[in-house]
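After this come two complexes, each holding chain A, first together with chain B and then together with chain C.
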Partner chain A sequence: MNVFIRRNLLLIIVLAALFGIFAAAAQGMETQDFVITLLRGLSVGSLTFLVASGFSIIFGLLDVLNLAHGTLFMIGAYIGWTVYVRPDTFLDIVIPFILILSGFFLRDVWVSLAMRGLFAGRMKRILPWLGLLIAILILVVILPRYPIATWSVDNYAESPTSISYLAGQGQYILPPPTSFDEISPILAFGGLIMASLVGAFSLSILGGGKQPLQARISWRSFIGFTILLLLAFIIFIFNDPITNALAVLNGNLLFLVALLVAVGSGALLGSLMESTLIRPLYVRPIYQLMLTLGLSAIGIEMVRSLWGRPEFTMPRPELFAGTGEGCPAASLAGWWNYHCSTMILLDGRIRVYNEIFIPTIGLVVLIGVWVLLKRTRLGMVIRAGVQDREMVEALGINVRRVFTQVFALGVGLAALGGVLAAPSIGLSNVMGESFLLNALIALAIGGLTSYPGAALGSLLVGLLQQFIIKYGAIGIPIPYTDLVFKPTPPIVPASTILLMVIVLLILPNGLLGKKE
Partner chain B sequence: MEIKKPLSTLKPNQGMLVTLLVFLLMPFVVGLIEGASPAQVWVNESGQSKFLQGLAIEIFILALYALSYDLILGFTGLLSFGHSMFYAVGAYLTGILLKSFGLTLWATLGCVFLAAILQALLFGMVLPRVKGITFALVTLGMASVFHVLVMSAELGKYTGSDVGLQGVLVPDFISPATERLRLYYIALTILVLVFMLYKRFVNSPTGRVCTAIRENEGRAKMLGYNTFYFKLAALILSSLTAALAGVLHTIYQPIVSPNVAGLGFTVAALLIILIGGVGTLSGALIGAVIYRLLDFGLRRYLGEGASFINGAIYVLFVLFLPFGIVGTWRLKSLGIKAGRERLLGLFRKTNQ
Partner chain C sequence: MDILLDVQGIHTFIGQYHILQGVDVSIPQGAITALLGRNGAGKTTTLKSILGLTPPRQGRVIFRGREIQGMRSFEIAALGIGFVPEHRAVFRDLTVEENLKIAERKKGDYPRKQDFIFTLFPDLKRLIGLMGTNLSGGQQQMLAIARALVADNQLLLIDEPSEGLAPVLIEQLIKAIHQLSADSTVVLVEQNFLVASQLAEYYVIIEEGRSVRQGKMKDLIQDKETIHRYLEAA
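And now, the complex of A and B:
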């Protein structure tokens, strides 16, 4: 025990100092203010943690500083909004998406075809590019004509801004379903499947040349392919009933669907990013910064062109939206009975979604990822990889696949954070940037590659910011004078940065980071 | 012993010399193309030539700034996210000293250089404690504090807070409105001199040690070098150059916006040297030209979608020109030369 204290003396002193500041800050305000500020800090801390934890795992294992993480957070929010407010658009997009994806399930078939040497020499070099060209041509012809119920960024009455405003009032009615006017469904389906098959064929030959693959066809890929096609057809045939069912679905369940879809698409986007763009750059770390910055700019512009520039809101799920009888609730039971949006805690009024729900989800994710890291095989490989990547590779573990999975996990967590943040802070093109900066600061405070450090750092950042904001309103009396110091808004980010600098100068590896 | 031929310095630097010549003649040639006589260009009549001079001055300033970043990132291996502070201190201090305190230009320059050395020492103070990405974050922190200071309402009297510093009276003899040609040549001269100084520095024993620190700091220490002093030297030189770029910025631009103190401006320097090639001095110059022209052209002709194309270009650069323009050229030029030789050889053989 003595050794432990001596070894971690600095850490203990820093933590004690932080706790002292915290206690002093708590002394200066009313109990209800304190509770509200604490809960708000927890809320911001949880959202920051969702960004920071993914960032930290990715940085720890892959050594990639993913500066696009904030943009992915934002993309998650926009995807969640689409599923939640416009389920018809979501279903319309799902069908072509599944069809395009289906061909890639037959990858091993294509690779084994290529390895059998059906076409050798020059054909083998030309054919993939030709196939890719054909696939892109088919997509260019079909996709613009494929009917998708959507909003219009230019027309204000149909813009996401007014849709979400009406949805918030509970007055939004989905537009009539779209129909195949410009192209017959059979042609569209056939074309998409064709493009998918040809594209998957070319891409797997192009990418297959570099890595050794087993030339065995398994029935699993055929089964997957068939299931996907069946799924697409079922959604197509029952498109309207499913849309109606989703639209009248209890808003809470739809929110859950939105969460799952956003996390899933985030994970897909992440694995795609890692396997195509970031993989070639492991040998040139600095250039990853440039790549992720470029991707971040591209992502923001894409979102801007699809959803428009103005900020809009996402309605809160029903469970947290009640305002009528019995509200604000006096206790959690009252909230459960009346689905109140606010509740009274120690004479203070708090918003249930922001200040109770988000921290709860943050805690669940904290524990979930902790269990994943500590109790599963994947987690074991990740932890080992953070310690010593070469050794793990030498033990015959396919680290490359783990890399993709970890990247997908990190981006999925960021997307989850985005959807959770959307009802509380609204959606805007630049919402990710401040969270990315917060997450970076939190990681630096807690220790860049340490998972508990990410949690601690995020908590500190959230609390500090909220306390400074609160003190900006009530003012800090300076002792022995009559002056009152009111922190101005620019001090909010600066205070966390200052904390980071101080912590880093005392403990260069962060609070819980490992010594080198 | 080999006797040095008089032309031996011209031959390896011919590309640089041709570029210099192009820039020296550019105002007059552009004027001639447009139909303005050299005399008109000489007295700064407004026109295409004057506009292009302005664009070129901006590029020179950016190039100076990128050079200074290349010195610490590309040659010494210090990743700093607070580099924009070096530039912003130069820009703001010049503006404040000229406007609020009425100092002469030379006194201002002296103060700026002093401040530049001081802030390099400030950055250097944390050097022994933090390394790698942590150093980047600490410098980011210091630059952010400076950014907040500049933006704060309390100092608004001097810095103009979030509007930016305006209304700086620049001495007449280098005013960008009436004496732009002179300013153009002054900026060009400064750039060339700094570039030569940098070339000398990175090839000097000190610069060699800096490169050694980038490659393997532990080993450099093992060999008996006190790496701290070498890193500090690089930081001071870099800070001085960036501050000089800041001074030129205040002289040329009508407004110093607080954006130059933000993280975005550091990222600009990073992008410039990544485009040109990290650790190649000429890469910083080429990168600055490309970055400024891309930014300018895209915003002018595409408007909204500019940053999309910009981002796409960065991604393409990373994927297809993996070491920047100059870096990739240096890697491939031997191969290209060999290929040309082989082609010529084939040709000769068939002739015989």
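And now, the complex of A and C:
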């Protein structure tokens, strides 16, 4: 134990100092203020952690600084909003999406066809590109004509801003369903399946490498393909009933669906990003930075063109929206009975969604990812790969596939953060940037590739910001004088950077970072 | 004599450096072959080229009758090649047990091989819960070799096992490698000629990226001129 203390003396001193400051800060305010500020800090810390943990795992294993992480956080929020407020749009998009995805289930078939030399030599070089061109052409023709119930960015009454506002007021009115006017359904479906088959074929051959090995045709790929097609047709045929069912579905369940869809789309987006754009750049780190920075800008502009520029809100799920009888709740049981949006805790009034729900999810994710890292084979491979990728590969483990899974996990966590944050802070195109900045500071404080470090850093950043904000309102009396110091808003971000500078001066690898 | 692994005229580049400029190695089945040569001759790169970690640009690598050059490293390893890198690259943030478990290629490899591994390296059993970072150099080397034994490997590539170890440990190691070579073929890179000559039945000498001599170890021990020319410090 003595050795432990001697080795970590600086860390212990720093942590003790931080705790001392925290205790001093707690002394300076009323209990109720303190509890509220603490919970708010936990809330911000949780959201920061969702960004920071994914960023840190990706950086640790892949050495990729994903500067698009904040944008992916924001995209998660917008996807979640769409599912939650406009289930009709979501369902309309799902059908072509599934159809385009279906062809990729036959990847093994394409690769083995290519391997059997059905087309050798020059054909093998030209065909994939030709196929890709055809697939893109079909998509360009069909997708704009495919009917999707949507909103209007230009028309204020039909804009996301108005829709959100009305939904928040409980007026959940969906526009009449769209129909196939410009293109016949058979042509649209046939075309999309065709594009998917040709596109998947081309991409499998192009991305298959020189000697694809495991390319036995299994029934599983055909079954997957068929199930997806069936799913698309079922959703198409029962589109209206499903939409209505979703619209009248318990808002809490719909919110859960929105969470899951956002996480799933984030994971999918992440794996696509890694396997197509980032993979060729592992040998060129600077290009990666430029790529992720560029993707971040592209993502923001795409969201602007699809959802519009103005900020809007996402209604809180019913479980956290009650204001009538019995509210604010006196306890968690009261909240559960009346679904109050606020509750009384130690004489202070807190918002249940922001200050209880978000930290709870943050804690669940913290434990969940920790269990994944410590108790599963994937986690073992990740921890080993962070240290020595080459050796992991030499054990017969497909590290590239693990890279894709880790990227998907990281982006999925960011998307979860985004959709969780939306009902609390609202949606805006740049909502991710401040969280990315917070997350980077948190990681610098906690230690770049350390998972507990990400948690500790996020917690410190969240708490520090909220305490400074609170002290901006009540002021800090300066001892032995009559002066009261009130931190102004610009001090809030500056304070976290100051903390980072101090921590890094004392512990250059962050609080829990590994010594190199 | 069956040839398990046949390396034919490989050329490997690292960056723009032409490291291997024509290496031919035939590894007979069921024996220990030592790759000898001076520092920087290309012995480690030869091992890594076999495994595809530094893929050769030219030449062929044939393992059990199948051309494996150009395949991805994990696919090559999965054909039954175990690798023990130099500097004892055990995973520091994994426990000893996890270091062994991660090498499983099929479920149940580790429980099945447990007894065999712990008879070879009895020390490991006692260290099972320790983190890799807390092991001594010798213990790490034992673990790195044990890790390569978890999956069913026909061929083991062992890079500089005796480097930086105390003489007592080296003796233990020689015994262990002798024992495990009863079941699998071993290719050994070894600077220490004394160790190599005790272990190996065959040798290959690599000099400036080319394989220059190969044959039986007992002939090499007699051949003072070759030893002087290729192995003693220049």
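Just so it is clear, the second predicted complex is superposed on the first by the 512 of 516 C-alpha atoms of A that agree within 3 Å, B and C clash if a C-alpha of one lies under 4 Å from a C-alpha of the other, contacts with A are read in each partner's own complex, and residues count from 1 in each chain.
To be clear about the criterion, a residue touches a chain if its C-beta (ideal position, glycine included) is under 8 Å from a C-beta of that chain, and two chains touch if they have at least 3 such contacts.
Keep in mind it's a predicted model, so treat the numbers as computed, not measured.
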item: Which superposed partner A:Ala422 touches (first chain B, second chain C, both, neither); value: neither
item: Partner chain(s) touched by A:Leu72 [first = chain B, second = chain C, both, neither]; value: neither
item: Which of chain B and chain C A:Pro490 touches, first, second, both or neither; value: first
item: Contacts of A:Glu390 with chain B and chain C, given as first, second, both or neither; value: second
item: First (chain B), second (chain C), both or neither touched by A:Val402; value: neither
item: Comparing the two partners chain B and chain C, which touches a greater set of residues in chain A; value: B
item: Partner chain(s) touched by A:Ile300 [first = chain B, second = chain C, both, neither]; value: first
item: Chain A residues contacted in one complex by chain B, in the other by chain C; value: none
item: Interfacial residue positions of chain A with respect to chain B in the complex; value: 65, 277, 280-281, 284, 286-287, 289-291, 293-298, 300-302, 304-305, 440-441, 444, 448, 488, 490-491, 493-494, 497-498, 500-501, 504-505, 508-510
item: Chain A - residues contacting chain C, complex; value: 209-211, 213, 377, 380-381, 383-384, 386-388, 390-400
item: Residues of chain C that touch chain A when the two form their complex; value: 51, 53, 70-75, 77-78, 83, 85, 89, 91-94, 98, 101-103, 105, 147, 151
item: Touching residues (chain side chain B, partner chain A) in the complex; value: 73, 79, 126, 129-131, 133-134, 137-138, 140-142, 144-145, 148, 151-153, 267, 270-271, 274, 278, 304-305, 307-308, 310-315, 317-319, 322-323
